[in-house]
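There are structures below to look over.
Paired with subunit B in one complex and with subunit C in the other, subunit A is shared by the two complexes that follow.
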Partner chain A sequence: MDMKRLLMAVLLAASLGAVPLAAEQSLDTRMQDLRQEILHLNRELFMLEEDLLFPANTQVAVFLSMDVGEFFALDSVELKLNDRVVKRYLYTPREVEALLRGGVQQLYLGNLRSGSHELVAVFTGKGPHDRDYRRATSLNFEKGIGAQFVELKISDRVSRQQPEFLVREWD
Partner chain B sequence: MAREACRKGLGLLLLLAAMAGWAAPPAPDFALRSADRHNVRLSEFRGQVLVVAFWSSRCADCDRHVEHLDALTQRLSDRGARLLVVSIDREPNAALERAARLQAPILFDMEREVARLYDIGRLPVVHFIDYHGRLRDVETTANGRELTRYERTLLALLDE
Partner chain C sequence: MTPRWRHFLAMALTASVLMQAPAWAQELAAGEVRDLHFGEALFHFYQDDHFTSLSRLLMAQEAGRITHHRDDAELLAGGLYLQFGMYDEAERAFRKLLDERSDPALHDRVWFQLGRAHYRQGKHEAALGALQRVDGRLAGYAAAELPLLKAQSNMALGRYTSAAALLENWQGPADWLPFMRYNLGVALIRSGDADAGIAQLEALGRTPARDEEDKALRDRANLALGYTWLQQSEPGRALEALQRVRLEGASANRALLGVGWARTAMDDHAGALVPWQTLWTRDRLDGAVQESLLAVPYALARLDADQQAVHAYERALAAFDDELRHLDDVMNAAKSGELVDALLLADDPERARWHWQLDELPVSSVSRYLHALIASHGFQQGLGHYRDLLALGRHLDEWHERLETFDHMVEAQMLAAQQRAPVIDARIEAIDVESLVARRDELAARLEDIARDRDVVGLGNDEELEFWKLLEELASGPALAAAPEQARERHRLLRGHLLWQMDRDYGYRLWQQQRALTELDGHLEEVAPRLQRVMEIRAARPQELEALAERIDALSPRIDVLRDQVALLRAEQAGVLTAMAMSWLEAQQQRLVAYQVQARFALATLYDRAATAARPAPVLEPGS
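Right, the complex of A and B next:
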């Protein structure tokens, strides 16, 4: 990562040094282009890094989304894969707000071998009447060849005045 | 000729400045619960200059450091200075008492996960994080002179 920053700094300085005086007015445009190139390069490096660390045949990703949220104020999620805690996540008010606005969070990204696995998610927060609330949900799934995507969804069950915690595999 | 030399000099200065900042590692992100029961995430302070002071009720110098930093960051708050105090006590009571006397939020790291993340060996220790979320300076000495250095470091980062 440091090499990347160094490369960006060298590119920036080389660009500044190489600009002829007559082309001063185009400096801003060139800086903007350079910035775009750096952003593009950064994105490609990020994707390459993900492909190397989490190859498609072993990759498992868990996403979290929320719907409405009148009966549950999310505080944290603990994620277990095959009885091992793989992620603990505390949510700030800003993050909860983003989820309520329709955001989907990639909660976990890791590797799993093919076969049967169990995922357990434990949600804590405030439930109806501002009471402390803790609820677990689980999913048994078969990991085949190819990436596995799982979604955890928190929604309101208006008929029971309770939150609902759903877990499902993405096709 | 002179203008070209100036331009190259400026380019070199920019390069050095950029390298000084870019070479700094990103501050490890964390989220902790605060004394007022909100969760606070470090990365949400991006765009502000952040001072992270680790604190324990067992550290004799920590109170003085934290009080000084609290007053300093309050004074410079309109320029974007913020202080987070991370308590590494196993029990929250002492930190809650301390929180009542501070403007800055106190965060509980009772499992000491963040202390491990930041490789805390001794207290007091103060981390300075720049506008871009990069860890720019760590102060570990407690000989009295560091209080002046805190201000100098903070002002330098605010001026960037």
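Right, the complex of A and C next:
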């Protein structure tokens, strides 16, 4: 066996496998610090944005969630507040997947004065047997001094083999 | 066995294969989401938008909007910190849960996450320490992943017997079985129990694969098996295993090379030429292909086809020269700083922002030479940092612009508030609550008198009162006294009827008035606090706007500083990646030069043999 060539092979294998990371590690620590600072900054910026654009006394947020989704495949939602369309949203498969896994989408964030309001949501998609499906649900609610959160929930009603569209206020 | 086999065997028996799907993601999805804002963080998380997910989560935590999922939120935050490579912060989040909560099931989940964090950092002892604290309360995917993580940590520490013991008792989802079986096979072989290890790899190598991932793993198992059989001087069995590897795929070249070696070991040099010559048509940068450039003339020489062997060595030399020239060009491009940008060209603009793994390598001359480096964890991590810095920079740029808009908004609102202030003040000034209360009191006193005296006239309507006044004026004047009896009788009747009418309605009218007074009291009660609130808002508004302006003023320079830091770090990161690439390319250059030397030496030997045909010439093994 040619020892010199064996040594060369081993050295080459070693040099191919290991790349010095010493400089990268200190950079890594700095990356961690920078990310942490930017995350903190981001949190403060989001809060500033909300305080400025959607102060708590007028804020209204509408969320959308789904459970199983066997009887309804969501395509889009139209949201009306006091008979005015405030949001039209078309879903990507990725977003629908995130909703089905338990994610909750903040569909709308806006301002409303205190008093009585009406919310109407129109859902479009594919219903049982792959048929086009369009259903609306509504809620009359009283906007108080604090922020108002409303959840639209698409749920499967197994007993009727139909989707169910619920809307509820959160404290 | 030739030393080169050992090198390829080591490559084939890679310590372990990692599971792709993190168990904690599935775990978080279990159960109904009872905090909207926690659900919102999950919504972004499930779309791999980890930065937004973490930002929204931190904001919701700060605003006290997560009440039911506090622990889940901490776990999610810790996991997201991990995704960002923020190990210290992740550990802090997990330690906080351990310190503040006593729920043993939660502790298990936290120790598990901490173990994963250490494992990801390559701190295998610490990972094992944390994972061993898990006390049997994990469920679902996490429960199945725990022994795998422990085994992988043990393998990384060279404790293959412990790893094998853990894997032999493993239970989990059926689709994880190939990963487990591969790792178990490797662990057993490495621990010295080659027979048991081979049995595992054999089983995996013959299992029908469902998808591409399984097929790749099956190829790796057969490759490892083939080289292990070669090591055990069982070329027939090696051949059988290696021939099960697909002809395309990550393991194909090494398998073809191994097939050649197996046939050589069986003295079938002509047979060895078939797979080796197949390799000639493949990417010359691949180690197995380069090896084949020397292996083919070696086999030809063993077949006494010296002339063809000479041609083959000359062809190999030309190929090495060619590759060295290309390598020079690539090294020059890398040095000039084009490398990182070229690699990022293939990024999906929709997902690139926070997308960490390079799923498909871009096709370019640079990436071709750096394929294995780019696929390595260290380079991926560095590239991930660079991509992340690009995204952070863009993110800060967006906030910079938005903050300018916010600044203008606040300024405009301040101006509007100043302009509206006199109007609002005048309207507040005009509201005299005291006089309203006095008027109410007066009405209440009058109603009390009416009720006390049963003053039915006091509750008469306007028409009745007008009529009553007329009748009373007539009664008190001289005209009625002088009037005929009939007229006086008529006056008496009318007065009596009117009194009866007012008396009849008195009870209802009194109730009506008292109810109206109660309603009025209700309204009056609301007026004072509402006015108070309006005055407070009026007084506080300038201060609020001032506070918002101050927050903007404070955030603005922070953004600028961070933008500079991001730019600086990005340049440094590009430098690190370039240095890694250069070091990699130089190693390839050295390897090619070494092959050149070998080829020249072998060629000289063949020339020498041809010149002195009478005496037998030594044949040099390419891998010896």
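Keep this in mind: the second predicted complex is superposed on the first by the 142 of 171 C-alpha atoms of A that agree within 3 Å, B and C clash if a C-alpha of one lies under 4 Å from a C-alpha of the other, contacts with A are read in each partner's own complex, and residues count from 1 in each chain.
Convention: a residue touches a chain if its C-beta (ideal position, glycine included) is under 8 Å from a C-beta of that chain, and two chains touch if they have at least 3 such contacts.
Just so you know, these numbers come straight off a predicted model, no measurement behind them.
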item	value
Subunit C versus subunit B, contacts on subunit A by residue	C
Touched partner set for A:Arg35, first subunit B, second subunit C, both or neither	second
Touching partner for A:Arg43 - first (subunit B), second (subunit C), both, neither	second
Partner chain in contact with A:Arg94 - subunit B first, subunit C second, else both or neither	both
Common ground on subunit A, meaning residues reached by subunit C in one complex and by subunit B in the other	2, 5-6, 8-10, 12-13, 16, 19, 21, 94-95
In the complex with subunit B, residue positions of subunit A that touch it	2, 5-6, 8-10, 12-13, 16-17, 19, 21, 75-76, 89-95
Touch list for subunit B against partner subunit A, complex	3-4, 7-8, 10-12, 14-15, 18-19, 22-23, 25, 31-33, 38-41, 44
Complex interface listing, subunit C residues touching subunit A	3-4, 7, 10, 28-29, 31-33, 36, 38-40, 42-47, 51, 54-56, 58-59, 62-63, 84-89, 372-373, 376, 378-379, 381-382, 385, 388-389, 392, 395-396, 399, 402-403, 406, 409-410, 548, 551-552, 555, 558-559, 562, 565-566, 569, 572-573, 576, 579-580, 583-584, 587-588, 590-591, 594, 598, 623-624
Subunit C-facing residues of subunit A, complex	1-2, 5-6, 8-10, 12-13, 15-16, 19-21, 23-24, 27-28, 30-32, 34-49, 51-52, 61, 63, 65, 94-95, 97-99, 101-106, 149, 151, 170
